[in-house]
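Structures for review follow.
Next come two complexes, and both contain chain A; in the first it sits with chain B, in the second with chain C.
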Partner chain A sequence: MRFKASYNLWLIAPAALMVAVFFLYPLYFSLYSAITLDNGSFTLTHLEKAFELYSNDILFTIMLVCVSVFILAILSITIAATIALSPFKRITSLLGFLYRLPLFIPFIVTAQMMRTFLAKNGLMNNAFVEAGLLTPMETISLLGWSGIIITFVWKQMAFSTLLISGAMAALDESQIRAARNLGASKIRILFEVMLPQITPTLGVAMVLSTVTMMSVLSVPLMIGTGSPTMMSADMAFRVNSYGDYHVANALGLVSYLICAGLAWFYLRQSLKDKGAVA
Partner chain B sequence: MMDSKSTLTTSFMLKLKHAPTHISFWIQCSFVVIFALMLIGPITNLLLWTVAETWYFPHALPSQWGFKYWQQVFNPYSDVSGSLLTSLLIAILTVCVCLLVSIPAGYALSKRSMPFRVFWMILFLIPQAFPNLTVYMNIARLFYEFNLNGTLLGVVMVHSVHGLMFSIWICVAAFSATDPMLENASRNLGAGPLYTFFHIVLPQAAPGIIASCIFVFLESLDEFTGTFFVGAPDISTLPLLLYTASMEGNYQIASITALILLVPSILFMLIINKFMKPEMLSKLGK
Partner chain C sequence: MTRLHIENLQAKYGEKLILNNINLSVEEGEMIALLGPSGCGKTTLLNALCGFVPISQGDIFSGDRVITHLPAEKRNITMVFQSYALWPHMTVAENIGYGLKVRKVKRAEIQSRVNELLRIVKLDNLQDEKVTALSGGQRQRVALARALAIRPDVLVLDEPLSNLDAKVRLNVRHEIKALQKQLGFTSLIVTHDQEEALVMADKIAVLHKGEIVQVGTPEEIYNKPNSPFVADFMGAENRIEWPTEKDGFSDSSHKITLHQSSNNEPSNQPKQVYFRSENVILSTRQTNSKIQKEEGLILTGHIEQSAFFGSNYRISVRCGMHIIQVDHTSDLPMNTPVSLQVPNHALYIYDNIVENKVHQKSTVV
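Take a look at the complex of A and B:
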């Protein structure tokens, strides 16, 4: 038996080694580089410098991510709940097809689509003009913070709806039927029967979406307008223009902390819910 | 008299009963229509740009249509065909690397008796659970010391680590679904462990492994950030080319490149749509 276990370890070793060398080591190195000087002594100057130069961008990033996650949660729940509760089969199957469209569209392609769609001369504004809602002079370009939010929500919605829809489909059907027989409205079934049971999945979907938003470089570069911009664009700029890894890694550390903060918020929330039940 | 009054009330009651359904039907209909417009609008805009030769401000639609830029793109000497080949080569190599390491790992992890099984599963999840931009930045710095920056090998390694989570997790699920009795029977009948693995276990897990290959292939094809740090400027993949063209304002070339990137995604989506049931996704990782 012991022989077998070590034999199995050998099977995992190449994959584990790959993750260790090409992910864990650089990850450790980024943390190390963020808080040390070149001679290896501990310092906070890089973090101070990062906050001094980029505090606006850090706030901007946090705000963007929070708004996107909020809209994402509402939209995904609305779609998933419509699919789960609507009595109109045509609508649900159409919706089920539509929400999956962006799932396999790469971020960079989404960014290019939005770069043309949301521009002043984009199809969206043109459609409004043709419909008589706006005159050509009143159109505004949505590129910038709102464009970044729209792009993130557009792309991530498929993934988070898929997860939430899956969680809703896995719920015990008899509970919903019981609630319906006792006269509960659909809104009430959603809020009092379904949502409390899918919070863990919702949390996972939102945390993963946050991580994605923090690490996508193409969207802030292609949709953003320069200043203020997202931290990911700042990091790339810092490295490519100055070769300044210390400040870039300090910004990286801040981005880890933002994700960790959200993950912590989610964990605390789910623990609290469990406590309330017990 | 009584009768007509009662029918009137019943019909009124019936109307009342159906009214909320009607309202919610129209609300849901308009939601779907707005949602569809929001989804299809950007895609339409992309398609329009691929066949627009000139399109400027006050015009709602392109003023001149044509395939001029398609000829430019599919010219054998254009950047696009070179990048397409590089992208495909990198994606295929990435799939090979991922398969080589994740088939054994997936098989080992599918055994419940595996020590520290949860630890290993989480280890392979980590590359997806951290914002990986910072990591790519530092990989590029490391690769610079080993002269791996701007090489095919460097880019393939970065893509493989990124794809490893998909391939290992899906392989674990695929191997877990195989029947252990068949494996035992084969061993009892005197077949060696390698023969049993290749002839009994692997064929059962093949559909799942193919699905994981598709995921890794798509992830590699669409990867931008890692290639941006590690590969540029020597290695030009399609996403990098798209980015450069778009930033130069060359929207036609960018849109056609985007469309080329969309083709494999849509093809695989149609194939994999059967497997991508939300109900199945909720079982992944159990």
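Take a look at the complex of A and C:
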């Protein structure tokens, strides 16, 4: 028996309602609030104010995220490739276990950990001093932009390696064997056989990591030096100190546009690849 | 000249012995088929040759070179895979030329070699196609061209035809054989299909439970199987164990006799008799008389089933406890009493003791 279309619509109604209430409405409202005055008329003043006050922070955020994602990609690929191509199975299975640990540690704990590790009198510098590599006078604090990058990379590496490693494991083993018995070294196999085939997954891992980094508040608050800082910290500041939701939402709009731009670039790229295959 | 020589090779997966005591020589320009049922270790043997599976004992020589422990990329042995293993992000030409690119051959030279190979495997004008746009048969030809491009010392083919449909398989089989004759490459082909092995190979090595049980020309393997396993695997699927007292031949309509001219052995010594369905001469009771004079195995029974095979009928004849498969030109009704005769030259007779020996040896594996 066939149901009418209207019956079928009822089936998706609960799920659609959830998405609308808990996702679409808040998103719409924050975008709306970013470009309207309290009386509801359209304005660009919030955006102008956001750029006037925080353009340095916006640039700082973009730079930090770009550098983090770049380092992240290199490290994740290195780890995943080592696991996929190394002949030493015992060591790689240990590596396979170790790299996943950060998945289970929340950002705020990571930030706290990094704070005690990277500070001028933190664990890392103390260890160097104890080992006689540095004197207490020579130690430098890595809190600040470099600390934020280290924390982001440390935390996101587990996630992106997991994705990339999975994609590499899904490749047909005989493709790699075919390259090997034609004389290709492991590095060549990685760059010419494996990476071109896992680019879509790499893209997904990097886009998702970017979105995560843009939205984390604890890391810039705990590891950053205050100024310049990341946009998420600025938004919290606008809301907590001034109750100024309009500018906070305007900053939100900017960070949303950055992520959307990236997603668009990624989608275009993957569509292009698919178009070439078809 | 011996191109590839394998000596006392042994390979294990963990503690499990997969290959044991493998000895095989492949002459220059020869094609040897490794034939065996699934799980007999034939693919493992190819992987061991290519360096994908570590060898626990023994040696492999390629010409005068010992390659036993060389990494896969230094062996100059290339494989054609069952799943083609082409790289989907490269074009046909890029796939074929990859091995040359790795060897830092000049671009123009790669181009001309790729064109030459495309012509050989009859894929001209497809060089710029993505391999994902090709059919199965075309893909396997690209894989073959890719493996041949670097002029390997030995080409190994791992069930290259089993992913192709029946008609394409015959074409590609013929093409591979023709190419092998034309170009004279040394090769090993793994297959579980006895017909494929017979048609393509210069020599066949039959593997059973990780050991080579017989090596010989296709004719030798087919006509003189040296063990019950080889006989059975090469299509002699009808099997009768001697003596036959308990096999239900006491009934007057089900009888069995074995006449051999050189029969010096006592007939009650335990034996196994194998024969092919196509070698059985079937006659209904009316034509009985002329058969009895000849020698060989003679059985009587009745027809239990008949299946149409296209060129003939495969008839199942109940003879005592046994069901004997017989090829016959025409269909016969159920329960027709018939007599069967198998001439001496088509019987493969093994002493049961020998079989036990083989059996004991294989359980060690």
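Basically, the second predicted complex is superposed on the first by the 254 of 278 C-alpha atoms of A that agree within 3 Å, B and C clash if a C-alpha of one lies under 4 Å from a C-alpha of the other, contacts with A are read in each partner's own complex, and residues count from 1 in each chain.
The rule is simple: a contact is a pair of C-beta atoms (placed from the backbone, for glycine too) under 8 Å apart; a residue touches a chain by one contact, two chains touch by 3 or more.
These figures come from a predicted structure and were not determined experimentally.
Novice: Clash or fit: what happens to chain B and chain C when chain A is overlaid?
Specialist: Aligned through their shared chain, the two binders fit side by side on chain A.
Novice: Once the structures are superposed on A, label A:Val193 by its partner contacts, choosing first (chain B), second (chain C), both or neither.
Specialist: A:Val193 sits against chain C, while chain B stays out of touch.
Novice: Name the contact category of A:Phe60: first (chain B only), second (chain C only), both, or neither.
Specialist: Neither partner.
Novice: More chain A residues touched by chain B or by chain C?
Specialist: B
Novice: With both complexes superposed on chain A, which partner does A:Asn181 reach: first (chain B), second (chain C), both or neither?
Specialist: second
Novice: Answer with first, second, both or neither: which of chain B and chain C does A:Asp172 touch in the superposed model?
Specialist: In the superposition, A:Asp172 touches chain C alone.
Novice: Check the residue A:Tyr266 against both partner chains and state whether it touches chain B (first), chain C (second), both, or neither.
Specialist: A:Tyr266 contacts neither chain B nor chain C.
Novice: After superposing the two complexes, find the smallest distance in angstrom between C-alpha atoms of chain B and C-alpha atoms of chain C.
Specialist: 7
Novice: Between chain B and chain C, which residues of chain A are contacted by each of them?
Specialist: None.
Novice: How about chain C: which of its residues touch chain A in the complex?
Specialist: Touching chain A from chain C are residues 50-52, 71-79, 81-83, 85-89, 98-99, 102-103, 130, 132, 143, 146-147, 150.
Novice: Report the residues of chain B in contact with chain A in the complex, numbered from low to high.
Specialist: 21, 25, 28-29, 31-32, 35-36, 38-39, 41-46, 48-49, 55-61, 100-102, 104-105, 107-109, 111, 113-115, 120, 123-124, 126-142, 157-158, 160-161, 164, 168, 218, 221-222, 224-225, 228-229, 239, 242-243, 246-247, 251, 254-255, 258, 261-262, 265-266, 268-269, 273, 276, 278-282
Novice: Give the list of chain A residues in touch with chain B in this complex.
Specialist: So the residues of chain A touching chain B come out as 4-5, 8-9, 11-12, 14-16, 18-19, 22-27, 29-30, 33, 78-79, 82, 86-88, 91, 94-95, 98-117, 120-124, 126-127, 129-130, 136, 154, 162-163, 165-167, 169-170, 201, 208, 211, 214-218, 221-222, 232, 235-236, 239, 245, 248-249, 251-253, 255-256, 259.
Novice: List the residues on chain A that touch chain C in their complex, please.
Specialist: Those in contact with chain C are residues 172, 174-175, 177-185, 188, 192-193, 196-197, 276-277.
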